[in-house]
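One chain, chain A, appears in both complexes that follow, with chain B as partner in the first and chain C in the second.
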Partner chain A sequence: MTDTLTRRLIKELKEFQKDPAPDLKDLAPEREDDILVWKAILEGEKDTPYEGGQWKLRINIPRNYPMAPPNIKFMTKICHPNIHFKSGEICLDVLKSAWSPAWTLQSACLAIRLLLSNPEPSSPLNCDAANLLRCGDTMGYESLVRMYTQLYAINHAYDENQSGGSGRSVSS
Partner chain B sequence: MVDDPDDDLNFEVVVAEKDRKKPYEVDFKVHSIDGIVKNQDEEVTHVANILGIVKEHAATLLRHFRWNKERLIERYMDDPHDVLRKAGVITENSRATRIVRMPGFVCEICCDDDDNMLTLALSCGHRFCRNCYEHYLTQKIKEEGESRRIMCMASKCNVIVDEKTVGLLVSPEVHERYRRLLNRTYVDDNEYLRWCPAPSCEYAVECHVPQTSLTSIVPTVECACTYRFCFGCGLSDHQPSICMLVKKWIKKCEDDSETANWISANTKECGKCHSTIEKNGGCNHMTCRKCKYEFCWVCMGPWSEHGTSWYNCNRYDEKSSQEARDQQAKSRASLDRYLHYYNRFANHEQSAKLDRELYNKTEKKMEEMQQTSDLSWIEVQFLKKAVDILVQCRMTLKWTYAFAFYLARNNETEIFEDNQRDLEMAVEQLSELLEKPIEAEKIAELKQQVLDKTVYVASRREVLLEDTAKGLLENRWDFQSAERDIYRQDLMRQEARRFPVGVQWLCNENLGFDL
Partner chain C sequence: MNSQTFPLLIPEDTEGSSYLGFITIKGLEIPFGIHIDQRNASNLKNASLRGSPELCRLVAGQEHRLEQCSTLEEFLIDLKDLLEQIVTKDENELMCSSTYYSTLLEELDAIGWDKLQSIDHALKNISLRINDSSGRQHTIKVVLPSSYPSDPPVVHVDLPTSISVSLHSKSGLRKMISLFQEEVKQFQDLWLLLEDFDNHTWVLEPDKPKRSDLMRRIALGNHCSLQIDVDVKNPRGICECRLFGSEKTVGPLQDRLNKNLMTWDQSLTIRQNLEAILEMKFPSPLTTSKSEFNVECGICYSYRLNDEIPSQTCSNDKCGQPFHRACLYEWLRAIPTTRQSFNMLFGNCPYCDDNITTMIVEK
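What follows is the complex of A and B.
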């Protein structure tokens, strides 16, 4: 099984390097000696409040991948109804029950990017953001998102400590 | 010797009398695992014949429609393509799925491209290698407990992996589990089937009482393993209370009984504002923290009238003190009322548990009887029978207290309570008889007494259940205003338009804790 898993992951890596999706800046194992932990860098879509931001994702791959879905988390803070503000946990059906082994890490990341512009406020992990959307305050919601994008996701090095939510980065 | 009173009667009449359904009984049927498998098979074959499709597809369709055959056939006749698409069945390419070698094929999932690799594709044509499919199915079946909704591995393809294909791919052990899961969903999905909740019992019970009539019927069934339970909610036998009251009662007991007991034992209420007060030290001169009313803890009368006899209350019988206590008694009535019913309910529950120990004792007694007298094994069975009836009656009695708690005070309720009291008395007498030690010379007498009492107790139970069940059907019981309203809302929701809307009520259950 490990052999199959390694082979599959190497192929996924090659495929990404050959033909990277335009909004995915990086997708690779975090360290050379562990192929089961990957990182990805997601860029905010143009004409959305996430524009200009860059978010780091950490991907933990279970041993029975691709039969079971990968575990993906936001390491950079993000304000979104379906993403936990503190833990970075993502609520998305394809990462849970709707996962199919034919999905890849790349397609999963793209599904997350799609989630950014298509929030689902009825099953929220971030109630404050979801409530704004639910009561129709799009302007308020977008400015909140823009503020957090500005605060955490623009012009920051992707250093490990950032996700701890230290006050340091507020100075921008 | 005891003469069987039925000896002279026409046997058939007696059987007919016994077989007649009582108003509190429902029709039901117990199925074994084999029976369930056979039933599924029959229904699948039936549908396959009607719709002219292969059995695997018919099974998938039936599972998609939760075994509602009529709805499936109706919808299929309307729009077969839509039904097939939604259920994940493709009939056009209906060759059975085969495992084949396909040189030059690369599996999209494991990226293997061995020329000898075995591959297969479902009717949707998405091809993957055999190993990946096996891993996938094993994961779904063993880890996720999925059976009827395992889909093609390709993303967004909803074609269901049928039973035959699963059989081709997985190990015998996993296949066994798959079959079990399918049987489980068959019973779970079917409105008229329910697994027997007894531990490690594998029977399922079929009963055609719809959920909507649970406000007027208590569908009690008995599994082949002798466990008696309610088909409506799956809890153990709770006749004569209807499911909705049982649920409410259990919740209430969990929430309130400990607290209420403690409050009743350890606190008193302020004579003026009725705040609940615990005295945790100090003298008897109490000042309510809330309303500043000053009173005496001993007699509950106002402190101002105590004059100089401080710290030594001798005013217990004075009028004002008595009044204060009376008022307190009134406001505590609802709490006491609940405790009255709860204590009796709990008492019977406890006794029923102890009676299970009685089984062991009875068995010993039965042996003893066989040794000390000339009674045979079959002639001492009356003891075991008596214990059976006793336990059953205790269960019934227990639930009559939950039922009575929610009843409003009126004549009907009084009749109910008379029946309850008769049963209770009879049960206690029988219980006493069974606890009696055996005296060799008095065995015949004891046997006669026990037999008589057993018959009497059983008939009292029957009378009570019959009357309660009839009352439910006739809508004769009047529930406490709060409960009645919930009961009505329930009825209205389920059988819309049976009752006028807009019943106003006041909650009379406010315990008013303010600790």
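What follows is the complex of A and C.
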């Protein structure tokens, strides 16, 4: 199985390099000697509070991929109802029950990007952000998101320390 | 330098970079010299070994092993070890009698040296290149036993039928070649028909058709493929055809096949016949590229998986995604909504969510 897994991942990498999605800045294995850990850099969509931000994702690929979904986490802090503020965990059906081998790492990353502009406050991982939306305080929600985007995702090198929240700490 | 272990070694110069001496292998004293590159004293990487042609022949191809030694003493122990191993091996590989070589040379003279494609060091494995009347190249591999010519050689040829016994007889290489050429004549028409396929259609299987392959699986487009098996005795006759693909696309083709099969014309090639019967032009390397057939499995993204090609296709004609049977089974069996009945699994296509069935794969 390992061999077929490697072949599929190499094909996915080539596919991305040949025809990269415009909103995905980077998608590649993190290190040359381990094809099971990838990183991706996601850009915030225009005309959303995420505009201008860049988030680093870490993708851990299970041995039985593509039968099982990849494990994707935000390494850069992000404020979103369905993304855990501290751990970066993502609540998205295609990464869990709705996964199928027809998805690729690239399409999964794009699904995450779509989630940014289409939050699902009824199944939150970040209650504070979700509550603002559920109360209908769109303006408050958007300014909160904009603040965190400014704070963590703009003009930062994607260093790992960010996710640990070293240096500045912001109470949410 | 421990002179006790190798008393037959003397320094050649004052710096200690060159030594001359003898090494004793099985009671045989072989003269040799060694020169060490002083610049990197830590290992013997650039050291050079001089010696009799006999020594050079024995060590040929093994130099890398000696380069790994760090001291001269270690090197000499290794060298001695290596030479002893090689000499023992040499003793086992006895030289053949002189008749073996003289017969072989005579025979090669007779058949012409231009036919000799390759021969190994021991002069045991020979491959001969033969051109037939249509200019096709054939390779005959001959393995000669040490007792040749009293024992017959073992001959490997690439022909659709197993070759007649006479090729293995003691008749000599020249007789063997003329028999082979005789044998090859009867396949000319067959190869012409098969080459017509290889040149004008996308052959999916076999990967690299050999002269002995009578089967071809060709791409028809729309995730469809056609497999033919040619009858070696009657290559121009009606051949066995099997269509693969989703029911929607294969159905009409199968109907045409059943309806028009009687119009088969023996004067046309198989490809022309099939194109007329299926009322279509086969996609060819001249008009299409292989990637257009999208024949890769939708799960593992490869075409060949343990020699299996994607044979299951989604029956939704908008989807038609092909899968390896093993991949699809692996996916469906992990899904809780998949139903099983006897040895069939009923689930949903990973791409379009339409119903899809597959047979359970025995591991």
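Criterion: the second predicted complex is superposed on the first by the 167 of 172 C-alpha atoms of A that agree within 3 Å, B and C clash if a C-alpha of one lies under 4 Å from a C-alpha of the other, contacts with A are read in each partner's own complex, and residues count from 1 in each chain.
Please note the rule applied: a contact is a pair of C-beta atoms (placed from the backbone, for glycine too) under 8 Å apart; a residue touches a chain by one contact, two chains touch by 3 or more.
Since the structure is predicted, the reported quantities are computational estimates derived from the model, not experimental observations.
Superposition model on chain A: chain B and chain C are shown in a clashing arrangement.
In the superposition on chain A, A:100 makes contact with both chain B and chain C. Look at A:134: by the touch rule set out above, it reaches neither chain B nor chain C.
When the two structures are aligned on the shared chain, A:8 is found in touch with chain B and with chain C. Between chain B and chain C, the partner in contact with more residues of chain A is B. Residue contacts after overlaying the shared chain place A:25 against neither chain B nor chain C.
In the superposition on the C-alpha atoms of chain A, the part of chain A touched by chain B in one complex and by chain C in the other spans residues 4, 7-8, 11, 66-67, 100-102.
Of all the residues in chain C, the ones that touch chain A in their complex are 298-302, 305, 321, 327, 330-331, 334, 350-351. Those residues of chain B that touch chain A in the complex are listed here as 108-112, 126, 131-132, 135-136, 139, 143, 151, 153-157. On the chain A side of its complex with chain B, the touching residues are 1, 4, 7-8, 11, 64, 66-68, 100-103, 107.
Those residues of chain A that touch chain C in the shared complex are 4, 7-8, 11-12, 66-67, 100-102.
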